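Naming follows writing order (A, B, C, D and E), and every chain is counted from residue 1.
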Amino acid sequence: MNSAYVIRRLLQIIPLFLAVMVLIFVLVHLIPGDPVSTLLGDRATPDIVARANKELGLDKPLIVQFGLFVVQLLHGNLGESINLKIPVLRLIGERLPITLFLTVYAAVLGVLMAVPLAVLAAVRRNTWVDALIRGFFQFGLSLPVFYLGLQLLTLLGARLGLFPIGGYGETFGDHLFHLFLPALTLGLNLAAVLVRTLRSSVIEVLTAEYVDFARAKGLRSGVIMTRHVLRNAMIATVTLLGLNIGALIGGAVITETVFAIPGVGRLMVDAIFSRDYPVVQGLTLVFAVLVALVFLATDLIHARLDPRAEVV
Amino acid sequence: MTATLPATVTVAPVPRRRSLKPTLIIGLVLLLILLLAAAFPRLFTPFSPTDFDYTAILKGPTGKHWFGTDNFGRDVFSRVVHGTRIDLQIAFFTTAFPFVFGTLLGAVTGFRGRWGDAVVGRVADLVVVFPFLVLVIAIVAVLGPGLTNMYIAVSAVGWVSYWRLTRGEVLAQKKAEYAQAAQVLGYSPARVLLRHILPNAVTPSVVYLMTDMSLGILLGASLGYLGLGAQPPTPEWGVMVADGKNFMVTAWWISTFPGLALTLAGVTFSLIGDGLADALRPRA
Amino acid sequence: VTRGGQMVFGRYADSLFLDPVLNDANLDIWILTNLYDTLLQPTDDGKSVRPGLATTYVLSTDGKTMRLTLRPGIKFADGSPITSADVKFSLDRARNPDNGAWNGLLESITSVTAGNNLVTLTLKHPDPTLPAALATFNAAIMSQKLFNAAAGANDAAKAKAFAEKPVGSGPFVVSDWKRGSYMVLKRNPYYWKKGEDGKALPYLDTLRFEIIPDDNTRILKLQAGEIQGAEFIPLSRVAELKANPKLNMLLFPSTKVNDLILNNRPKLKDGTANPLSDVRVRQALNYAVNRDALIQLVTFGTGKPMKSFMSSATPLFDTTQKGYTFDPTKAKALLAAAGYKNGIDVTSMATSGSADDLALLTALQQMWGAVGIRLKIEQLDTATKTARYRANDFQMRTGAWTDDIADPSEITGYYAVFGATEAAHTGFKNDTIEKLFVQSQQETSRVKRAGLYRQIQTLYTNAAPTVYLYETPYPVALTKNVRGFSQIPLGYNIFERTSLEK
Amino acid sequence: MISRWRGQPVRAVQALTDVNLSVRRGETLGIVGESGCGKSTLARTLVRLYTADSGEVKYDGQDVMALQGAELRAYNRRVQMIFQDPFSSLNPRMTVGQVLREALSVHKMRPAEQIPARVTELLSLVGLPAEAAGRLPHEFSGGQRQRIGIARALALEPECLIADELVSALDVSVQAQVVNLLLELQERLNLTVLFVAHDLRLVRHLSHRVAVMYLGRMVEVAPTQATFESPRHPYTQGLLAAAPTLDPSRRSAAPAISGELPSPLNVPSGCAFRTRCPHAFERCAAERPLLKDTGEGHMVACHLYDPAEHASTATGAETERRAAATP
Amino acid sequence: MTGGAAPTAPLLSVRDLNVRIPTPGGELHAVRGVNFDLMPGEVLGLVGESGSGKSVTLRALLKLHRAPIRMTGEVMYGGQTQAGPPQNLLTLPDSRLRSVRGGQISMIFQEPMTALNPVLSVGEQITENLREHKGLRGKAALDRAAELLDLTGIPSPRARLADYPHQFSGGMRQRAMIAIALASEPKLLLADEPTTALDVTIQDQILRLLLRLREELNMSVVLVTHDLGVVAQTCDRVAVMYGGRLMETAGVNELFTHPLHAYTHGLLGSLPGADAHRRPLRPIPGGPPDLRRLPQGCTFAPRCTYATDACRAAEPPLMEVAAGHHSACIHYDKLPPIGGASVVESLIPETLVLDTLPEASL
């Protein structure tokens, strides 16, 4: 893995970014509805709407608006939210860390759940233990997040009072505590996906010659499991994890709603529904870059784990 | 030269078919049940899934209403059974196009490579980094709400997975000797790809298709939560779960039973997927 | 009463813009009066006004001048005095036609003159709505000095800067605001109102709004005692929470009406004929609605049938109005008379994700289906829905309205008068109503004005440009120890007398 | 000079052009060499699975590299390949009958109604029962699968067979069955065979002439007997010495050739073998030896046998070399 | 078993070894009653066709098979450092077995690409063995690892320790694997086709290396292969396996000159000989048996030209038919003599002496 590769990959994000930029601009302006009348609702007379549109520059031809958008972007400015009347960059700056925290937390919990259980299922494959683990995660995979989240909230939060209901707290420790349930909800879903692949790769790796070779060397089974089996089995899983984390970043909407977490997922949905163009555009661009970075990170980790991976 | 070839070599009687794995059998049986429920919902249900019964609002499960009734006095059991058709439809339509298109595209680009592959790769990148929800909402907003447009939105994104899977597999398979043999036998590229490589490269896609079907239904539920999915009074499991969420405390049965149905469908698809992975693996 | 303490109140969404003049949404309006005080204030029943920052107002006999006397010794939350100059500044800003969506409420004022502690308003014409308008959020009094000190080149920019942490004259002042997450209000030590104990209000030290979008989560948090109050309790949960001994489930009377807004035009946007242009069809739609059943199904018994286009809590609501009864036979007959023996197909837009809209339309599908009206539901996100109806591209849509001002003119101007928004975009226009409304806007006699409104309501009901459904209350749940909270029919959440008892 | 789109194997073809390696009708040419030396690449290039960027392969006077579409398919009908791996060389999802019928019908080898009969005929030709037609490849043993592969190639009635490691994957007892089949078919159908293998014993048994490759280059091409009895190139000699003989009484202690095969990505300059050659001298690093006829069709690419150039170094060595060259 | 010249106790003594593998198509009896002895310092070749059970046998010696595969019989190992009676490895508890595995007995696998862990550097894979069995850590372990690589003939060993298996060529991988196996200085090396994946020139190098190391370390070796040439060049004694059973065991010269089993006979006969250019070979007809459905009697009978009803009636046991020569063929005495010249031949003429090549003088 070399820095030239990283730089090249980073440069590749630029055309992607441009494509996303054009696409999102066209798309948000193509969909019917406009921010002003949505915000003003019933009471807005055509005059008022027209005036507000003029103030926001929404009366200009689309191509001009696009030009202005690009010019602003070049100055590092993502514009100002039409609804909240504060700079988009600030808005994202406030909310993104929460979502990222949640995402990483969920990924960590997901992996912590998936790895030992997948290994257990693989080692005890085709026994009731395996069936139980797979059944449990199938359950996790088949239930909508809002249902799962609410059940966890009701049970672990309200009934047993183990965790706070919603919110995310002030300090790092608070975050860990408050975001446990939402992270668990997302993590369960993630783990459900991971367990499937991880289990089959562990099974596959277990039959590999080098595992037998390791046993023939007289190594302890713990060493064999971690050094030889898991390291190899994780290779395929890391890519999958990357793909899923990418999806998680933008897909935490429902979790954020259920758990009252003011993250970007919720912001995005609100912004789309209210046609808050600058927010949608800004968030989309940030998402795209983030997801691309996650993919890059995944590839780098992959290369770390698998010396055979060609990173040139 | 007097070669002493054995006139014929006896061919050992190998069992023609590996016996189907129990998982696949259970999966197929469950699918059959689901299909029956989808085809003839009335056979199983004494009540209409849409008619109100003001005298039985929010009643818990009883001998009459097995799964209880909802806030309109509709029989939850009937709604769950009738929902089967919609949800299988969702499972089918959210995956049919992505599967066919993604697989074929993956086959062609994997086989041909070069610039077509590069272009599709870039488009796939774009699709993957673009927030899905924005796309769905945009498409639904332009075309109107409802399942059809949800299908379109999902299709616009869903093909990428199949494209990746098939492309990778075709890349691997085209190096296999049987594929090269087909080329050397002077078959047209189309024949080599479609008749020889594709059938051997489609398995991962088919297996993923099963997972994807569960995910499709689940997505339908999530979009239902945002009001972008099935439109009332259509009984759709995901939307039923979403609708029942306000009654989760007072009338748990409204969302729990459709939730179980979702799980059942998920289990069915995943059992079939695992079974198919096994059955489709060519025997060496 | 116990003083002090912090109350946490769960809101379903955060405010957007805390400027009294330039804000747009109920999310702002409904809490603004806790931050900004007005010259007059709506009474608790929302039907009339009482003194606020002004102790009295006097109208000239021709009704074209109003003189208000400011309360002595009043201060902004930073301790600076509230002067008549501030009042002039605020009212001028509020009525500036370039500013926001609300200036129309003060449209009758031609000039504001500030005297010592007197403010004189000169009017274009006698305006019976003016006292109510002065009790409305947009006429709140801001500090000219503080506002002008805010960063920004023009009014809009200053407003943005100022509204991030506004200092007003209301009982509370913003101390911390994390958008989308929480907003902390501190007690304004300079607030003029006195409590039961003779000391200054408010009782609470701090008031914290937590943003909890999901209904279930809000309730769970309330039940767990993590918050002391929660707004927008789903009506389906009301009975359950009422039975909870630890909670007070309150249903505050509101001016909220829930109706179906019909496109009355002969042709729909796509050029097809619109059966709803026939008054008989519209009446049939109204007759075919079983409001009592709807109230049970959708509002879980908490609503009451609409009798007029305006809510029964709106001033000058005519108590003799009957609205429409449930009469499917008559509905059928009317449809037949209109030439639709085989029924009609109609489509209604609904707000996607709104459980209430869905429940309502699902129920209507059933009821109307029985008389041959086949309803198709089209769920659209708010923006699309708004864009569609503003472009008259709809046949029916779910509608809901809450008054912002303690006067019937607002809702009437929107629903019954053609005006700029074509009678709530229905395209309905009744010449008599138009005339009566103009008259009512200058009629200072309450009795005569009530008579005009009675005629308007009757005419409107008969023409049925909308389908009357039900009125719903504001459902707020509080823990048992919370006292003195109210939400007035206009929706304002009033925390000035709220206290946490031991 | 030539480069295939990925690089190295190029040299295989380059050697071919230099040598003007020709295969006569009915002849069996054996090609041996270590793994990765380009045997398969050469075989595949000949059937146009790979295309040479430059250089020329002529079949019956036809430039094979220039063939396109129908012409190429017609060429492939005449020049068929059989593959090494009995497991992956058959489409696992097609029955033997389908495989053969497809080949027959695509190339219209027989009218439709005669196809089933021809399938049976082909199967019996390779010693398989007629009912084999209904079976899938996995139901056969490795040796039987190689027979199926041969039948598939024969379906097109080719003139030339290119057999890439045809029997390498088979056990000796079964290997012999397939070798016999190949011998018999060649006799009966007058086939030209290019037999690519690394088993020297088999190559000697089957071939009329043998070509030895090292790192993509031809180092020695000679009649079989000459190759095995008087190998000239040091590599050929080492290769033969390294092959384990079946005589337990003849064991040697020292390895025949030391060192590893260099990476094909980084072929040594001059003679590619010089890094492992016990006889390497300065010139071997500087100059690439060309394949030259050293008499009786025995061609070697080694400076030791290159009198013209070698003369300039030392005369003594020259005489010695001559003595060795004509034993 | 046959101590012959060396009257010491065998290092390894295998009795009635059976391995049964449950498969969906029925139980696969992969190894059936295998018996043999291995003397200290001896190289035993285990030959047989693909699928005859060589690898399964070898793995069973170290109890490497996992449930549901069942191993029965005795694998008596007498080479423990602390002198004591030989122990049955098949019944040894895992904790004790671990010190034997890799410590006393090492194994090298057929495919160095798949047997080396692709994600661990070669150095890590050697040092983990040193840590486990020699207690070496850190620098000491690295030094020793480099020494071992050097021993197997890998140039600049120190630098190559950090390389991953895929950065090695096939021959080097096999050397690395040997280095790993030798790290613990074992008494016994089990080599499962250590050269099958390699080119002849490399195979030649590796085999010479093994023989040299055997001398230096006085190891015993079990060498599994299906290449008779390799056997001839490397082994002291040979065991021929077919259908999960040992068919014949003999000293290596004995086996190549006087094979006493129809199968060995056929095997040697099917090889191309020097004198029969382009003549039909003499294959053994048919193919190897399906271990799930073994024929009645001698497993080789269906392919055997000498088979009689007696062969098909009962499976003949492995009997001593000559001194140190065991065979499981009831017709061992009726086999025609093997055409000595045609089988035991050398590939290259003995007359060719490499040194006669012209030497370039400079």
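As a convention for this text, a contact is a pair of C-beta atoms (placed from the backbone, for glycine too) under 8 Å apart; a residue touches a chain by one contact, two chains touch by 3 or more.
For clarity, every value in this text was computed on a predicted model and none was experimentally measured.
Novice: Give the fewest steps needed to get from subunit B to subunit C, where each step moves from one chain to a chain it touches.
Specialist: Between subunit B and subunit C, the shortest chain-hopping route counts 1.
Novice: Taking touch as defined above, what minimum step count separates subunit A and subunit D?
Specialist: 2
Novice: Of the other chains, whose C-alpha centre is the longest way from the centre of subunit D?
Specialist: Farthest chain from subunit D, going by C-alpha centroids: C.
Novice: Mind checking the centre-to-centre distance between subunit B and subunit E? Centres are C-alpha means, answer in whole Å.
Specialist: So the centroids are 50 Å from each other.
Novice: Please report how many Å separate the Cα centroid of subunit A from that of subunit B, as a whole number.
Specialist: 23
Novice: Can you compute the centre-to-centre distance for subunit C and subunit E, using the mean CA position of each chain? Integer Å is fine.
Specialist: 91
Novice: Would you give the residues of subunit C that are in contact with at least 2 other chains, written as numbers and ranges?
Specialist: Each of 216, 381, 383-384 in subunit C touches at least two other chains.
Novice: In subunit B, what residues contact two or more other chains?
Specialist: In subunit B, residues 1, 3-4, 6, 9-10, 12, 137, 141, 225-226, 245, 248-249 touch at least two other chains, as defined above.
Novice: Multi-chain contacts in subunit D: which residues touch at least two other chains?
Specialist: 141, 144, 177, 180, 183-184
Novice: Where on subunit C does subunit B make contact in their complex?
Specialist: Against subunit B, subunit C makes touches at 215-216, 219, 234, 236-237, 240, 293, 296-297, 350-355, 358-359, 361-363, 365-366, 377-381, 383-384.
Novice: Please give the residue numbers of subunit D that touch subunit E in the complex, ascending.
Specialist: Counting only subunit D, the residues touching subunit E are 28, 34-35, 141-144, 171-177, 179-180, 183-184, 198, 200-202, 204-206, 208, 224-225, 228-231, 234, 237-251, 253-258, 260-261, 263, 278-283, 303-304, 310, 313-314, 316-317, 320-321, 323-325.
Novice: In their complex, what parts of subunit C are in touch with subunit A?
Specialist: Going through subunit C, the ones touching subunit A are 14, 16-17, 24-25, 98, 100-101, 156, 160, 163-164, 178-181, 210-214, 216-218, 220-221, 223-224, 226, 381-388, 390, 399, 401, 414, 419-421, 424.
Novice: For the complex, which residues does subunit E have touching subunit D?
Specialist: 49-50, 169-172, 199-205, 207-208, 211-212, 226-235, 252-253, 256, 266-268, 270-272, 274, 276-285, 287-288, 343-350, 352, 354, 356-362
Novice: Using the touch definition up top, name the residues of subunit B that touch subunit D in the complex.
Specialist: 1, 3-12, 14, 16, 176-178, 180-188, 191, 195-196, 199-200, 282-284
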